[in-house]
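Each remark here refers to the structure printed beneath this line.
The letters A, B, C and D name the chains in turn, as written, and every chain counts its residues from 1.
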Amino acid sequence: MQRNSNHTTIVTIEKVIDETPTVRTLYFSDHIMSNVLPGQFAMVWIPGINELPMSVMISKESGKAAFTVRKHGLASTGLFNIQTGDKIGIRGPYGNAFDIKEGRLLLVGGGTGLVPMMRLLTHVKPTDDVTVLIGAKSKDEVFFETLANELLKNNSHNVIVSTDDGSYGEKGFVTDAAEKLVSTSHFDGVYTCGPEKMMYKIVQSAHSRGIFVQASLERMMKCGIGICGSCCVGEDLACKDGTIFDGNHLSKNKEFGYSHRNKAGILEDY
Amino acid sequence: MEPSLATSIGKIQLNKPAMLASGILGISLDVFNRLYRSGAGAVVTKSLSSEPWEGYPNPTIFSVNGGGWMNAVGLSNPGATNFAKMIESNQNVPIMVSLVGSIPKDFEMMINEFKNCKVTAFELNLSCPHVAKVGLEVGDDPELVKKIVTTVKNSTDVPVIAKVGLGTTHYLNTVKIAIDSGIDAITAINTVRAMAIDVETQRPILSNKFGGLSGTPIKPIALRCVYEIASKYNVPIIGCGGISTWEDAIEFFLAGASAIQLGSAIGDNWINVFDDINKGILQYMKKKNYSTIGEMVGLAKKF
Amino acid sequence: MEPSLATSIGKIQLNKPAMLASGILGISLDVFNRLYRSGAGAVVTKSLSSEPWEGYPNPTIFSVNGGGWMNAVGLSNPGATNFAKMIESNQNVPIMVSLVGSIPKDFEMMINEFKNCKVTAFELNLSCPHVAKVGLEVGDDPELVKKIVTTVKNSTDVPVIAKVGLGTTHYLNTVKIAIDSGIDAITAINTVRAMAIDVETQRPILSNKFGGLSGTPIKPIALRCVYEIASKYNVPIIGCGGISTWEDAIEFFLAGASAIQLGSAIGDNWINVFDDINKGILQYMKKKNYSTIGEMVGLAKKF
Amino acid sequence: MQRNSNHTTIVTIEKVIDETPTVRTLYFSDHIMSNVLPGQFAMVWIPGINELPMSVMISKESGKAAFTVRKHGLASTGLFNIQTGDKIGIRGPYGNAFDIKEGRLLLVGGGTGLVPMMRLLTHVKPTDDVTVLIGAKSKDEVFFETLANELLKNNSHNVIVSTDDGSYGEKGFVTDAAEKLVSTSHFDGVYTCGPEKMMYKIVQSAHSRGIFVQASLERMMKCGIGICGSCCVGEDLACKDGTIFDGNHLSKNKEFGYSHRNKAGILEDY
């Protein structure tokens, strides 16, 4: 029987890797999740605790996938604390995928927003010239730098880390680094995922110069399939119309970059 | 003559008979506009309470093996006050405001919040099957239904609809009391109390354990409720429950509904479902030579 | 150790936990034998009345768009007397005799007819949703339930089961009264009152207009009823409603059922369904290291 | 969308042909019913009246099918009275099909039991030698004789009518005619449909001589799909295991030829 993507499948965590003191990657076997498109997410059930939307992280082993989670509130901490051998439920994949251009690409990721970026890197062509910008507050929050370099070893590439406090890589905001890049050289496509204020600036930098840009939006998600409405961004439903939108569309959306809805559905400013 | 999709539910006039059911995509005016453009005759808001509610933790919604959806979002909503502000600017969309509460005063207060809004109707949710003290727990209490409907009717000139469902007392009694207390129309039905257990982890899937079943599985149940109400009482009815095709819509009209609502079908077919249903109804009307929806309403009752 | 499929429903012992539900293929001893050989732990007969009933004219059964079946056979049956004669020769098959009636005397008389038969249990049908004066109309009347159960318990030493469903009064009250009156076990649930209309001819499809919905659509509803009964009362439960796979069976065990019944699944998968379910349950038990069904019963209640 | 055979489809009667004063054939368009296997039946809904099992009759026009109904009780009279332009509902096809042997075939039909025989004739090979025995009480109850001859025009064939009162064709019971045939010449397959007492004798005649024989059984049917049990014949369900059974199987069934169940499910003798 074919799997219905809306039914929760139980998987067992096979390996847990600490990326930073507050970020972990949990690996499991699942053929469907191992092959999702870059940008797609899953709804992840932590039994007895909650269910959260999570970008599907890549695994080097075929037939496997992972989630990279930052410990935050109750739910994400519950997932963070999952150990090898524990079971979680997954449904999906949900959402659309990045429209990957050819040529000179710029990827800008912050925190766990790097997860879809890593899968995007597995889809670039060998002829592409790829720049990855990784933003973090400080040195101990940097992760996936080695992975990015490894994934791009056959490409002309550049992985740049910038930390707000300068404790590692370039000092300064990743948005400034991005602005500098797009203002000085040509790009065929810019992709970003991370804090919305960051994405907003990246989209502005690129879109104002006519560069194709896509951002993956995060919103409160309950259903993941376009029923509950909790993920709305203006008239868009992030889970169903997105999560990936391009610069053209985002520049017309009055909520992007400014406000989002909380668990009760009240519009709050970022 | 080209048949018309316009319909009236008592005093309520709609250009199209298929509405968005309460709780589905229903928290933003922008989305309401989009749905209206997609062919919805009206949108019903999420059920609003006097204070904002976060609702239950996830999982709150999942798709049921064998069809349909189960949810226990726990009536998460921004509260009537916040919501009223959000729709104050509305001019285009026929909005029906759904309300939940435990006592008449809750409803009175909330209705007052909407005095500056263009509201097509208020829908009293007397039938949510998974939140304590409101919804069905109200609908199951005949005295309380009477008090609430009477209070609400005294607080507003906007038409008031009571939404009923399968509770612990007979829904037809609730309908009767609501009618006797002056209700303008009935929406039938809400979700049906249900549950699912994950066999691997051996625990209920919804964080609230129990939830409401919606979608195709409940259609035959909803249809019989509409037919039963229409056979017994002379009250305008809005049919709701598992409607996903134009044939479903026609079945509800024939059973006695003047309009329909749908929610779950959006999860299966996205918002084009309104347009698909409208087109199908029109084609059926042409074939059967009807010029108005009203001509079909209740035709199956004569058998 | 190889896990065992044996289960006990109070005093009733079965070798296998999946039984044939009442009304399905249930009018001939030869067919009972065949089903028993196919892996059914027991068979429940069609509900028998004190006199033979022809039932309603056709259409009495049809398959519902989107899954499940709807029926209003109208409890057609050969009557208790004829039926008792037919099963007098039975030695092998655990037969549960289902009974319908309007008054205590009906039941007393019928039970007497079976004094020469090997009967595993009597199941009182307090929940048929589509025949006047019996079934749900009895189940919905607390005083009558009390009298019937008390009378039946005084008439026989064979275990007595009450089969409940969603009626116009709360089924949990019926359960409570049945327990207080000495019932040995509860079967939950019967079909759910429903209807369908043919849009072409614009008339209800079933000759009786209303019928009972069975099969996958009602599974989430049946499961919540089993869980609710198990959470509230200490009574052996037989789960019934939409069970068609071993996962469904396990869900019902986890919710609190000691055994299950199935009917509609036979319409979809024919009688191999018993064997398929038995095999799946055994595999699950091996994986989870259970040696008896009993170990699983009610495990989901702790959450 | 593919049609679910268990859902009732509404069709319009396009033509009504009187076969005898009490038998009519009602034609309609339906691609699926036009192509059923010989022996299969449909559940036929006469709106407001009843639903009956009916063998699916052939039509010479492609994409069309028919029902040939004898006016009997309320339900069949309701169907008999259906007129051109009226609507009926159909679901199915249900039941198994005749296993058509090659060589010398004998078909024995009585009354509307001829319906599946006519469809069987459309499936014989040109090389088959086919004998059709048509039984009727008297001359005005004979039908399908011309049709049988027509369908067999490319075969070596013989269509024999026998009437109980001798008012047409041979005089005597069709069962005696059949007995005579199987006792005097070889057959590779015998097929019968009609009153059960008739079929019982045909099956005995053939089976006792080791000739492959199949009969199509009629029983009270409510669901047609193996749920209600009303059609049971011993441990068989006519609708699901049959309606066609072979001599081997039938000779072990203690109800075949002797008893059937009425609408209440009470076993009654024939």
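Following the convention adopted for this analysis, contacts are C-beta pairs under 8 Å (C-beta built on N, C-alpha and C of every residue); 3 or more make two chains touch, one makes a residue touch a chain.
Because the structure is a prediction, the values reported are computed rather than measured.
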Provide the labels of all chains in contact with chain B and in contact with chain D. C
Quick one: report the Å distance separating chain A from chain C, using the average Cα coordinate of each chain. 51
So what's the Cα centroid distance for chain A and chain D, whole Å? 66
CA centroids of chain A and chain B: separation to the nearest Å works out as 36
If you look at chain D, which of its residues touch at least two other chains? 48
When you check chain B against every other chain, which residues touch at least two of them? 65, 203, 303
Please classify the inter-chain touch graph. Allowed labels: line, ring, star, complete, other. line
For this structure, give each pair of chains that are touching. A-B, B-C, C-D
Residues on chain D engaged by chain C in the complex (per definition of touch): 4, 6-8, 10, 43, 45, 47-52, 75, 87, 89, 91, 222-223, 225-230, 232, 234-235, 237, 240, 261-267
In the complex of these two chains, what residues of chain C are touching chain D? 23-28, 30-31, 33-34, 46, 52-55, 57-63, 65, 69, 71, 73, 76-79, 82, 86, 198, 200-201, 203, 205, 207, 263-264, 266-267, 270
Where on chain C does chain B make contact in their complex? 64-68, 70, 166, 168-170, 172, 192-197, 199, 202-204, 209-210, 213, 216-221, 223-224, 227, 242, 244, 247, 250-251, 254-255, 284, 299-300, 303
